[in-house]
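Each in structure tokens, the structures are laid out below.
Okay, so subunit A shows up in both of these, paired with subunit B first and subunit C after.
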Partner chain A sequence: MTTSTRPLNIMIVDDSTVIRNRISRLISNPQLPPIQISGLAGNGEIALLMAREKRPDLITMDLTMPNMDGEACIEAIAQFLPNAKILVVSALADKATALRAIMKGAHGFLHKPFTDKELIDSLCELID
Partner chain B sequence: MTSLPRLSFGKYRDLVLLIAIFIFIDAGVSVINIYTSHQIEDDTSRINAAGEMRASAQQLTKALLTLDMEMRSGAITQTSQAEISGARLGFLDAQEKLQKKPEGLLKRGLLEPEALGQKVSEQLSQIANTWDPIDREVSPLLNSETLNLEMVSSAVSKAVTRNNRLTQQADDLGLMLEALAQYKTSTMRTIQTFAIILAFLNFLFIVFKFIARLTASDQAAAVAREENERIMKGVREGLFLLTRDRTVGSQRSASLDKLFGEQLKTGENFHQALSRICSLESAEAAENYIDILFNRKIKQVLLEQLNPLKEIELLSGTKQRKGSTFVSFEFDQIRENDEVVALLVSVFDISDEVRLERELMNAESRAKGEIDLLLGVLDHNPDTVAEFLLTARRNLQLINQELQDVQPVGQNYPQLVNRIARTLHGLKGEAGTLSCQSICQEIHDFEELLTPLRGRNKIQGDDLIPAAVALSKLLSEVAKIEVIVSRIQQHVSGRSGDQNSPDPLWETLHSIEKYALKVAEDLNKSVRFEAIAPRLSQIPSSIAGILREAVPQLIRNAIAHGIEPSDERLTIGKSGTGLIRIEIANEADGTLTMTIHDDGRGISASHLRTVLVARGFKTPEDVGEMSDDQVIAMLFEPGFSSLDKANLHAGRGDGLSVVKEALREFDGRLRITSRTNSHTRFIMQFKPA
Partner chain C sequence: MHPQLRPQDIEVFTETICHYFLASTGEAAVIRSAYLLEQGGPILWNEFNGLIEVSGDYLGSICFSAPRALLSHVLLKSGESVFTDERHGDIVGEIANTLAGRARRHFGEGLGISTPQLLDYSITTFQPLAHSLPYAIPFLWHGYEANLVIHLETA
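Right after this comes the complex of A and B.
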């Protein structure tokens, strides 16, 4: 989707520090193009402010978070960053939730708990 | 849409060309017609001019003769002179008309043969030759001042001698012109006829072409329609097109009607139809999914994962057949110019697959259940299990008899329901201690069924039908286990004889321990079990009965109500694991004492008061007047439970009433001691046998 000269910027949104750290660690996987972290957010509100400032190319987004939930956050970000690719990473496993998130502007969906390979594959598909 | 006109022009190009030729020929014929009418007009006026010329010549001769006579008689009149002048001007006028050379191709006469035209010109010049000498004589006569008889006589002789010739020449000219006109007219008619024939042939050709093309396309359409019909009739999937405005298309496979009948009509809004066909959640999710299919670019893999109609159960009424119908909807995007214009929807009936899958799962869990049962039974003395099964079968058969005999009078039905509930609850406890999980589960389901009936004053006979069904299921489960146990019994007795049999009391206590641990596990609690008992060669029948019927209830009660969850225990400084202890003691006076002790939260009389009021057992005034002992005694009333929700182990309120019955049966006495947050003890005493 882009020439490989500039690394992609990713923003990781999740209220769990464990998940944030895990995703941060996995994005340096050699299967993925160069990605650098432009922001980590623990709730939707911070994510929204950060997205305005950093304008990331990729976002991983939890759905159930304090202050502003993921769905509202996706909807808001999709308004001003239409080209940002958003991967929903959520424990909410039903299709209806996934469909709603996609309707709001997400591009992919990954269920928690996920394996390293699943996350990397999902990110690959998102970037591809 | 945009490519349609260009496409049809290409298809009809030769037709359009033919029509253009037809119009061109028509226009040609029209031009010839106009030209012909002009020619006829022109020719008529020339023929008239020739006539005029003849008439004028005669008139002139006549006027000259009159003037001559008048001159000779000396009575000249202006009239003759005027007539001469008029006749002369008439002749000159006609001559001018005829001599005037037509201008251009059209005027000259396109169809005029050169020879005939030449002849007319020659004739005109002969006429001029004849006329000129007359005119030279006549012109001076028009001036009356110089007029004399000699001049007149000379003019008369000229006119008379030449008049005949002139008349003849004018007649000849007229005939020539007529011939010319006739020639032209016939030529023109030939051309017109030819053009009309041409146009007609062209028209016929157009009609032929048009019909041929229509027939060909009709045939092609008919063949396509027939093929389409065959496909739609033969294809196993339900097929239809879904348009962008979410309408069901008109082309549909016969299988679709078989699946949905009137529920999914052509031209109908798909979402409306779906909300009739399947659950509301599925229909709503499908609405979002279809929006995404039409409007978003999402990876195919993800789209397939997201399909909420991959396996849905049709609401009943959609199709009449045995069991539920499961279908799978698949959507293929149809793109034109990179835009999704419609979805090809394929519907598969996957009922058989789903049913098979479920049957497999059921069979698996049944097999697992049977193995568990076998292993469970092997842990116990087969004789004990067999005895329990026998009792259970007798009790259940008794209930069955009562269900058949009961008369719908007074409170018979409600009383029977309560009786059944108590029997079941007792059996459940025993089944639990003997690891007969399948019986426990059947009883639990049976109890669920009875719960709504309890507390109702009016119960109809029909309300008890499900109970009879559940009862027969339970009986068949008992019978099944009886078969297994009797086989095990045969093996055991054949193998070991009876010389090394363990202490029966301790064996029973061990069963109770296993039961306690199982209940604790199911309720997510941590429990330690202790037993203190003397060695007995034989269990007194009272203790055996109580151990079988009352103790399981009390244990269950202690774990469900008494023992707190581990985290709660830790916060109040207790050990995380709760304690359940059974003590059996022979007193000096020969009485037997059995104590069930737990170190849980104790019985709170004030909490029980609240519950009694909340459940409507007592009014606030009643509980105010009751002593703590009286309140606690309410625990032993049928139907009373302090738990909000029933589970497999507690909450239905029959446990302690079963204990009360058992104690009554074995003539025992019960004492309860309890301290909040410390312990509860149930102490039972029995007279020596």
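Right after this comes the complex of A and C.
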């Protein structure tokens, strides 16, 4: 008898198309378990609507974005999706910002610019 | 508090440029000497310019200015296969945002940074947000010259 495992759903939130595309490509790395993209969002407002509808298991979240920033979005998503694992992927490199994001519900923080390996390692840690 | 940038503040930005290109492309940038723009400008030199407005404990702007060819190579190294104006504008803004964001390691969260604005060299008249003179940090990457212009002062 075989058991099938449902692929994890990921939502990628970043105002840069280039970054969204890069993360989208990297999640198919064989080091990671099967992950499928449930949504791509360019700002926090769209991400919030998408998260309610798609209920992703994993989220990569930029912080500096138009309309609604990442911190506000994390705080809102953590209220209705407490089990979603959120990885902040941001250029903001001060400790206070990272701590605040964690306090609001993020589970990890990856600084931009990141290498392919750094992103894959961060996602592995998040999933473990 | 200091009203204008000190040499160690400028050094933070040269470090951010080196780190960005090495980490994101695997190829180091060669930094040239930073200099004061004594006439107050020009702020924009190249085809693509990503500007970050600074607020909070500091006032001013951080502008990354690069030619299309440099950005095309960065896009290629990022795995992109689309080389439209929109995609070049996206990456110039993303680089400006990343360079400004990394500087918060030194300046702290009091360096408030906006989302990037794209400025068109040929039609933009930019009203400076700071009164001090800006610094330009020219550098070479992959044989192309680009500039980071730091126009900051304490609020």
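Just so we're on the same page, the second predicted complex is superposed on the first by the 124 of 128 C-alpha atoms of A that agree within 3 Å, B and C clash if a C-alpha of one lies under 4 Å from a C-alpha of the other, contacts with A are read in each partner's own complex, and residues count from 1 in each chain.
Throughout what follows, a contact is a pair of C-beta atoms (placed from the backbone, for glycine too) under 8 Å apart; a residue touches a chain by one contact, two chains touch by 3 or more.
For clarity, every value in this text was computed on a predicted model and none was experimentally measured.
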First, second, both or neither for A:109, with subunit B first and subunit C second: first
Greater subunit A contact set [subunit C / subunit B]: C
After superposition on the shared chain, which partner residues are touched by A:96: those of subunit B (first), subunit C (second), both, or neither? both
Going by the contact rule set out at the top, does A:18 touch subunit B (first), subunit C (second), both, or neither? second
According to the stated criteria, A:65 is in contact with first (subunit B), second (subunit C), both, or neither; which is it? second
Report for A:125: first if it touches subunit B alone, second if subunit C alone, otherwise both or neither. first
Taking the contacts subunit A makes with subunit B in one complex and with subunit C in the other, which residues are shared? 96
Considering the complex alone, what residue numbers of subunit A touch subunit C? 15-19, 21-22, 25, 64-66, 90-94, 96-97, 111-115
Given the complex, residues on subunit A that touch subunit B span 95-96, 98-100, 102-103, 107-109, 125
Residue ranges of subunit C touching subunit A (in the complex, touch as defined): 19-20, 23-24, 75, 78-80, 86-87, 90-91, 93-94, 97-105, 107-109, 113-115
Subunit A contact footprint on subunit B (complex, rising order): 281, 284-285, 288-289, 291-292, 296, 298-299, 301-302, 305-308
